[in-house]
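Pasting a structure below so you can have a look.
Note that the chains take the letters A, B, C and D in the order they are written out, and that residue 1 is the start of every chain.
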């Protein structure tokens, strides 16, 4: 059994991680901290867990008692934790924040298994990719691998309410406002663009094109659905084959010949990708569940790799479907 | 033109009132105060009004320049306003809070036109009924009028997110929580029960039955849909006729022979009522839009009565329907 | 491995059953029939299964190759199947329809484990309880057990769109109509009332009270949330203890001291129950996922009992939570 | 009073048109036909109209009794009606279908007031623009006017369930499928592209750029929200001024300095447009209510122009806002 602890498990990603780990056959949850929730039962905060655990939020991480630590912290908190904490030599760490995703952070590996599986298996520290970054990068990796990213890329992606912001209520998360509403935010400057660029450059060093990215806020709770356009003269059949080849070894990313819709992946760790061409324009549709493949599911996937488990362990989740 | 002012127009009911008054043919909006929004354009807070008004939130009510004041304040604020303010002698006031709804407040009339139309026409101060109270009382008034409230009453009613709480975000209003969710709150002890009892007792002084009221929170934004059960031995046809007779003079409350659904009344000032019997059990279904018939629309209705206008003026609203 | 087949697996309950069985460690799915879908991949109809199975809908059930058959058929189809089919002697059958739920059908046991666990373990044929019946009966069984059902019972319950009707589109299932809408249907005469009465009478033979049941259609996809009122003079603490005692051995039904909301159980096989009292009035709140505890999850629970597996096998499902 | 008739008033656009015309001060509704609904009350089909009209669907259009006919018919039905009907000489016609939108149909004017107001005022037959076409064309007209459409245009637009399909139920409109779901359809080949091209070419004859248009289906009922990208070297201030100048005379189309969201326009006849630049990339956000500005509201706008009324008559609608 892998003994694990969680720092700041009271938020969206922390809750999803706990829900996964409680049902994971090889994991023992030792402690979960939650600022401001110390002493409360986990199921008082994550109410769907009633009847599944009697664990409580604790004050103090007991790093010497665990094999693996999940940091469900934001960028500032993760940096401070890594700097100020006396970290046991063999402790493995999986960090959810943006702090260690870029290459300059040599101790951390970027935890996108479809890009870095072998390196992850041998590493100690993993940075979990961003949710938008996961969905969009997976839609483009096979093109990068084949050096086909040589023109402007246009990306639109719509995300649910659990992806853009925390549990902390705000006017943007108010049901009365968001129900039946749509808007965009941070056009062209979303914070995940640097990691997308870096992942693509890892496979195609010549990649310097612009990514024109417009994120939409949708009136649903879970999921990211993205459409990506780039000019490409290769035939659809050949391109589809490149994608199938690229993801041949991957358990969660599938190329489908049919149109896709968001609910096919909600509550699963899958990424579905569909390709179409219209003249020279290639359209890539890609979708994931932001809390699973885009966050906590990918974290568990990385854990499985770090500890040499079958990579799908604990991640064969029943889709909600409706 | 009726010159009007609004105290605290930045909330849900204030916004709806402004949207109504801007299109009302006989109203001139002189000022709107909004604590913390002073100086902002109205359309910066109520964003759907972009292009309809250049009015700004003001600091100070100018009571000497208006004929009618709307208090979109809570119970504490209304009381303090009435106690501390030097109110011009002829100023009419319509208060949205719960403070002056009960009879002991002799200066105010309870503004349910289907119960008190004549008295409202002659009054100066009006207390706007609560949203649940409006929906449920309208479902029971004809029975009270005919002295038929002699047994326990069981009421379930489900309300949208604009009805239970203010614009202030909270965990209960978070889209991620409320989307596709349902729960109840304040069973048996909802704060509107006293005014319902008082309205019914006004027509049937012998009324002392219990009202067992379970309020549900629904995952929609606007509307109240209620089901009311009480034992009654009279035939459905006779009961239906009593209801039709009672509301014969009313413009907004209709008895329908068909099942009703919430969207029939959303964005209108209507109340729809449907009756069914099963043996001796009478089932009354009643629905309204909580922001209109349940609040700001009813306030405008009262204004029309106070100023001897045709009662439907400014209230023939196009339903959204979908 | 239990070899299983499914008759009519193309609907809501069939899809959910397939999603469960594909991840069940002790089950091998041999065939699935689907009228009009013969030859299609399962994932073409249940699109969330893309990447999980290459099984296709078949024309012909191969009853001699399986240990257990699920009938995801309606009342007519189940009857015809049982009458016209040459059923192998040892084949176990779990039927989803209403046809065999009442006692007069001696060959079938009513598959509510909280009521009939021992009998189910020894039986060959099981009738899966109705979704509303499951939610409401579980809310009342401890009272029946203690002979406390001696007064009228008032039940309101709201159900999602996967519960009331099939996948076949109708005006009542049109998104444009149902989004943000609420209505009721079949008040007092819902088809699940006879089985509720029978289950309660099994524990309290003197039970003859009326159940006044108003079903609501909610604008969500999954789940049933019910509130049940009955007069009772026993203290809340004592009643709560009776409930805890009654369900002490059950894996999925929990009594909670806190208010409950629907999403706590969505995508799980749990039933959560909460009790409150106001004077002599007892309020029982009970909620389930209609496709799981209210249908396919309960069917798998019954399968586990029929084959002497740990009853939670394959049913520790990660909640969606949001 | 303008005497009007409606052919096929039982659908989404017909219902919205009826709701508008019943409250229009200068209109008298003479007849409404509805295939398959003949004899039914209007409010039996458009249930939100209960209490507002006692009109019934009729069998036969009485063209000699009206001044204006609305054709709420599809492309085939409109063509057949125009070909087979003996149309009175002075009868004005407003057609909702796609049949007569392109210039080759010389008798019809394309009813986009922001492009053709003067021509509409003098015409007899009007073709109502498509909903997507309205939203996207309004976002681009000022650029066409200033000859700035010289590069590829990338358009994403998301539409509600009342816009893509009729009231006829289908798997794509099933609540269980569409709630909390997103998908795309007809990428690059949507049927509104020809009319968008033609409108832009009317102002910039040199316009031959590609429009790469990806339509999304959203899980809401009303509205279109679109984002449009095109490279442009002019400053944001200058571009904004061009837009303000272009729409200076228009009552319903507004340029706003703030981000926009869909609900600002839902249930109104407005179009809101917002501009941003990032380097040389111009981003235009544009939104409308598909049933109003995108269909029935625009039809009434055209009627007002045809009959020399103030163009906003009957179209100052209270937004739902929530």
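One rule holds for everything that comes next: a residue touches a chain if its C-beta (ideal position, glycine included) is under 8 Å from a C-beta of that chain, and two chains touch if they have at least 3 such contacts.
All of these numbers come straight from a predicted model, not from anything done at the bench.
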TODO: Any chance you could name the chains that touch chain C and chain D both?
DONE: A, B
- [ ] Compute the centre of every chain as the mean of its C-alpha atoms, then state which one is farthest from the centre of chain A.
- [x] B
Task: Mean-CA-position distance for chain C and chain B (Å) - done: 40
TODO: Report the inter-chain centroid distance for chain A and chain C in whole angstrom, where each centroid is the mean of the CA atoms.
DONE: 34
Open item on the list: Need the CA-centroid distance for the pair chain A / chain B, whole Å please.
Closed with: 46
- [ ] Give the residues of chain D that touch two or more other chains, as numbers and ranges in rising order.
- [x] 12, 160-162, 176-177, 179-180, 219-222, 261, 263, 266, 322
- [ ] Please categorise the chain-chain contact pattern as a line, ring, star, complete graph or other.
- [x] complete
Task: Contact footprint of chain C on chain D as seen in their complex - done: 12, 160-162, 167, 169-171, 173-180, 219-221
Open item on the list: Quick check on the complex: what are the chain D residues that touch chain A?
Closed with: 154, 156, 158, 160, 176-177, 179-185, 187-189, 210, 212, 214, 216, 218-223, 225, 227, 229, 259-263, 266, 276, 278, 281, 283, 285, 322
Task: chain B-touching residues of chain D, taken from the complex the two chains share - done: 12, 15-16, 19-20, 23, 44, 46-51, 160-162, 179-180, 221-222, 252, 254, 256, 258, 261, 263-268, 270, 272, 291, 316-322
